[in-house]
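I've put the structures underneath this note.
Below are two complexes that have subunit A in common, paired first with subunit B and then with subunit C.
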Partner chain A sequence: MMRMVALRLLLTLPILLGVSIVAFVLMRALPGDFAQASAGTTTISPEALDQLRRNLGLDRPVWEQYLAWLARALSGDLGTSFATKRPVLGELVPRFMVTAELTLVAGAMALALGGATGLASARLRGRVEWIVRGWNSLLLAVPNFVVATLVVLLFGLYFPTIGIFNYVPFATDPLGNLASMVLPGISLALTVSVTISENTRAAILEVASQDYVMVARAKGLSRGTILRDYLGRNALTPVITVAGLQLAALLGGSILIETIFTIPGMGQYLFDSVTTRDYPAIQGIVLVAATVVLLVNVAVDIAYARVDARVSYD
Partner chain B sequence: MIEAFRRPGQRGRTMVAIGLAMLLVLLLVVALGPSIAPYDPTRTSPDSLAGPSAAHLLGTDSIGRDLLSRLIVGGRGTLLITFVAVAMALSAGLVLGLASGYVGGKLDLVVMRVLDVVFAFPVFLLAIAVVAALGPTVRNLVITIAIVYTPTMARVVRGPVLGVKRWDHVEAARSVGVGELSIALRHVLPLVVSPILVQTSLTLANTIFTVTALSFLGLGPPPPDPNWGSMLADARQFMELAPLTVVAPACAIVFASLTFVVLANGLRELLDVGGR
Partner chain C sequence: MYEPAHGVAILARRDALRLALATGALGLAGPALAQGAPRRGGRLTIGADADPIGLDPVTITAFSSYDFTSLLYTGLLRWNAEMKVEPDLATGFEQPDDKTYVFRLRDGVKFHNGQAFDAGDVKHTFDRILAPASASPSATIFASVKSVTVVDRLTVRFDLHAPSAAFLSYLATNPTGAIVPRGVDGLNTAPVGTGPFSFVSYEPNQQFVLKGNPDYYERGQPYLDQVVFRFFKDQASLTSALRSRAIDMTWFKDPKVSAQVVRTSPDLVSAPGKTTRTFPVWINMKAPPLSDVRVRRALSLATDRAACLQTVLGGSGKVAAMVPESHVGGYDGVGEMPYYRTDAAAARRLLAEAGHPNGIDLGDYLVVAANPLDVACAQILQQQWAAAGIKVAIKPMETAPLIAMWLKGEYPTLLSVALSWSPDPDAIVSRISSMHPQGKGAGMADATLDAMIVAARSILDRGKRAEAYMAIQRHVAENAYCLDIYQYPLRWEAWWSYAKGYVPLAANIRSFVRTAWIDK
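Showing the complex of A and B:
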């Protein structure tokens, strides 16, 4: 087991390195000058600009800049925000926690909704299968920011007394915080539920065709028992895996949802950083998000191998 | 349910037909664009936030511009960006996937590892970062979308190529002296078209999302050119006064992506392409 975990992490290292190169190059390929952008003004004297360039290490070769940047990033120094002049990491961590919560809430909702529709379409077939199919097609076609905007419109028109922009931190009011996550969570979960629904359906159909299910049915076990102990358990593993892999979609979607519902998470931070051209912040967010996605993928792989004895990575 | 839906082949055909009919509407909007718009989409009038009337079929927006005209001309912009970007991603994906899968070996290894890196980024986050770095212009928007969707395309091409290249007819072609490039293009590529068609359709739907979402965040084509995403974002300010200014672009976005989702599902059924 330890061997597998180590191997899997080792295989992820080169990809992480690649991710860091992309994040670095992206922000060095800016039109104009990194130093000028960092000064935040175009009316800066050439001498001051030269000084700034030396301070930022921009006069050194690119690969040297990259290595220095990587070494700092590894020790937790993601640079200083152009906008607030404070370390990016310090700004990022609390916002990341908020986004992580939103992602978990949305993920749970997507799992519940997708699991239910997928199960219904696999077990009931016929008309239900078609209703679920149509519903999924529709969900796939309605982007999350459209859902969120329509939700805001609906509440504005018919329930103007309910405040939907009242984000409260979890520490001050846990219940109020969870309540403020419901609408953003749903907006984010709908699209993702489609993937989970389709995979649940496929997994249930696959398991239902196995011999041991036929045996269970032949020896007269009740439908409920078969569903719970035979179908449910065996179909759950692939579904959970797919759910884990949807993290990237959830993180991407959170940018829009947080901006619409004014939730102070990583997505809104990215949006703000893009509008203020705060390049170190953008770089930090991109790096952290990609790293989290990669690590979660590894965790999902490992969990999958742990649950399913047939999987081996050796 | 309708009886025709029970016959498997018919089902896919019906869905593809519906999808193509919807696509025709979109293509007409792209082709005719400004010539069928009743007004100049950027012309303002004092008649702001008006409801639907004979003069303005869908009403006007917050500075009195005709909503229908903006929807048509904006749709043209959104769809043109989408089509060009997906065409680029498709070409790049075809070349990369075919080369990687058919040639194999070191090339395959390198291409796949590079794509793994791009895959590690959430698509939309990468798109925002790239647009932020390059600057929000139509050209950069197209390039960004082509970049973020190329890996998926390449993967979809590569998978089946790996299997087909071992088939007997490929060996037969090689034994009679057909060149490798010719084998790849004429004996392998035609056999992997089905999953590519399905994926292209899905990517078109995803791209509608990405283009409109970027414009929604103000990272799309600069104003005053209308665009479905920015129309939706701008309308939020007065949406309680004129709900149609929000609902209309929302419906347009959903219609466009639904077109490609329906097409993808129909094609998947018709061409018998596996689950995902």
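Showing the complex of A and C:
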């Protein structure tokens, strides 16, 4: 088990290297650069633009820029943001914490809602099943940014006294901070909850038709025991996989949700950095996001072994 | 010209009334007196739609930074509410000849760090702007400056290479003419100026906090203790924030949204502002068919500018030529312009003459995807042109690459980039000079126009200069080198009525936060 974990962690390194190269090349392949993007239609001479590029090191060959970035990144220095002229790492850490919190809140909401509706539709069937499946189809058809915009407009129009843009850092006001995460969390969680709900339902239905469940029922075990020890635990494996995969969706969704709810997280930072072609910032964000997704994948594998006795990595 | 739709007309009248109330006796007694005695203290929260990109006025290029530099720094001159240049850090100036300006400076002015301001700082600022290593966007603007000389502690002399009509306008513009202190580095993250407000803190994507400068040189100003900018990238969020009073003041990109927001509450003041922005269709004339003036004229005749204005902006604007009305020589939206009438039949005839009796396909028309107003207007133009047998395919694009193509003149046929306010009309018309890389790239080759543009630069008399720019615009319309559709304010400002003493400025900065106060 330990060997597997160590091996998987070691494997993430070449993947991260690959991701950083792809991000680096892709961003530079896009037309327009920071000098131009930040100037917009402002009158600026081509000479001044070239000088700006030289000052930022953008005149050097791409591979040279990449190696210089890599050398610094390996020593823990992610460079200086073009836009804010501050170290990227210093900008990134607090924003990452905010996005991590939002993702966790939304993830918990999605799991609770998806798990509950999935379980209900699988066990209660009948009308409940149709209500849940209708609800899920509706959510699947409405993207999270629509939900978020509607929430923002609804509160702005009908409940203007309820502040929805009251983001405060956790350290200053923990309760206020959690409260400010509720609406963005729901907006982000709804779509993701559908996937979890449908997978939970399918997994439970599949497990429920297994012989051992019938035997358990024949033995006269209580419904609660069957649900907990037979259905729940066996149905959990696919649900965990899906939940892990959905983390990437949550991270992606946070770009829109943070922008709409003006939460100073990594998503909004990425949005700004891509629009202004702030290469060092984009590079840093991509690296952090890739690391998180890879680590979650490792964590999902470990979780398999914990819930499913058949899975062994030794 | 056109009949405004009923609802729109009522709104416009209400807005105008509110603006009149808000700015009241402005012309007579100044904004502050119009609303009673100013109250000291308090905080004004402004909703901003973009973070600043740097805070050093010498090196910044992004429009989103100007809101902040215009409160942090001041220059020798400034624009007043009527868009006339007036002294600021200077107390006045003399002009011994066309190429020399001598400025007398205010005594006793201090930078936010306590350092005294003098002529040495003015020289330092312009030395920095003109040093190639600074990569300052103002370097081309002040290319006419030969030298800046410190005469004494409070007198500074500018020697120019040639007479420049735009010189004073640029000095009055923030950040272009903003003065920075000598011996202070790192202004991008720790700005130090002579402005009415000083820097407190900036948390990206969250808020930017400024506090009143107790040493500010205008007696009694600023009235506010604190100004806080909060960032809302999404226009719907901005609207909700204003309604819920999370912010006291903001500006909107869409006049219809602004009108709707104000309609929901009688305590909101809305100010449409002056028309500063034009929406042009830039034409690449390098190759046929657009190298043929008849095809371009057909395009102009097929265009119903008033209908675009009505549909996209609900009539909140005016028909445009190259120079917006708030400039010297700006077009007022009603004067006669060649090929401005809408006549699809005449357009078809011109096309037939040019050898396209069955209509023509011009291919891609590139627009900025991030600007919904631009996209909406492009769609209407597409329909109007189709009626005259001209087909285009609209291609919405990301801003940065589109601007890169536009600046080099390397776009297939048609492209739209709206132009914001600039201190001098030369910055607009010189883009289609064949001596400008942009005009040259787009296939311009008109020696007459080039000469007209160069001549207009050094006409110092305001009236004569205005005539020169009208002539240039008529010449451009005559040849349909560029198709200007409408002009409008860059932003529609709105604020709660308890924020008083504020006046929107056509220069697209919020200078008059310095005279604002809160009366809740």
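The rule we apply is simple: the second predicted complex is superposed on the first by the 264 of 314 C-alpha atoms of A that agree within 3 Å, B and C clash if a C-alpha of one lies under 4 Å from a C-alpha of the other, contacts with A are read in each partner's own complex, and residues count from 1 in each chain.
One rule holds in what follows: contacts are C-beta pairs under 8 Å (C-beta built on N, C-alpha and C of every residue); 3 or more make two chains touch, one makes a residue touch a chain.
Note that the coordinates shown come from a computational prediction; the quantities given were computed from them, not determined experimentally.
Participant: Which holds for A:R86: it touches subunit B only (first), subunit C only (second), both, or neither?
Facilitator: Once the two structures are laid over each other on A, A:R86 reaches subunit C alone.
Participant: Touching A:T259 in the superposition: subunit B (first), subunit C (second), both, neither?
Facilitator: both
Participant: With both complexes superposed on chain A, which partner does A:M27 reach: first (subunit B), second (subunit C), both or neither?
Facilitator: Touch status of A:M27: first partner only.
Participant: Once the structures are superposed on A, label A:L153 by its partner contacts, choosing first (subunit B), second (subunit C), both or neither.
Facilitator: After superposing on A, A:L153 lies in contact with both subunit B and subunit C.
Participant: Examine A:F165 and indicate which partner it touches, taking first as subunit B and second as subunit C; both and neither are also allowed.
Facilitator: second
Participant: With both complexes superposed on chain A, which partner does A:F271 reach: first (subunit B), second (subunit C), both or neither?
Facilitator: Both partners, subunit B and subunit C.
Participant: Output the subunit A positions appearing in both contact lists, the one against subunit B and the one against subunit C.
Facilitator: Subunit A residues touching both partners: 30-31, 149, 152-153, 156-157, 160, 259, 271, 275, 277.
Participant: Please output the residues of subunit B touching subunit A within their complex, sorted ascending.
Facilitator: Residues of subunit B touching subunit A: 1, 5, 113-114, 116-118, 120-126, 128-130, 132-135, 205, 208-209, 212-213, 216-219, 232, 236, 239-240, 243, 246-247, 250, 253-254, 257-258, 261-262, 265, 275-276.
Participant: Considering the complex alone, what residue numbers of subunit A touch subunit C?
Facilitator: Answer in residue numbers: 30-33, 35-49, 51-52, 54-55, 83-86, 91, 95, 149, 152-153, 155-157, 160-167, 259-262, 264, 268-269, 271-272, 275-277.
Participant: Could you list, by residue number, the parts of subunit C that touch subunit A in their complex?
Facilitator: 51, 53-54, 61-63, 132-137, 139-141, 188-189, 203-206, 230-234, 236-237, 239-241, 243-246, 264, 398-401, 403-405, 407, 417-420, 422, 427, 437
Participant: For subunit A, which residues are in contact with subunit B within the complex?
Facilitator: Against subunit B, subunit A makes touches at 14-16, 18-19, 21-22, 26-27, 29-31, 126-127, 130, 133, 137-138, 140-143, 145-146, 149-150, 152-153, 156-157, 160, 198, 202, 248-249, 251-253, 255-256, 259, 270-271, 274-275, 277, 282, 285-286, 289-290, 293-294.
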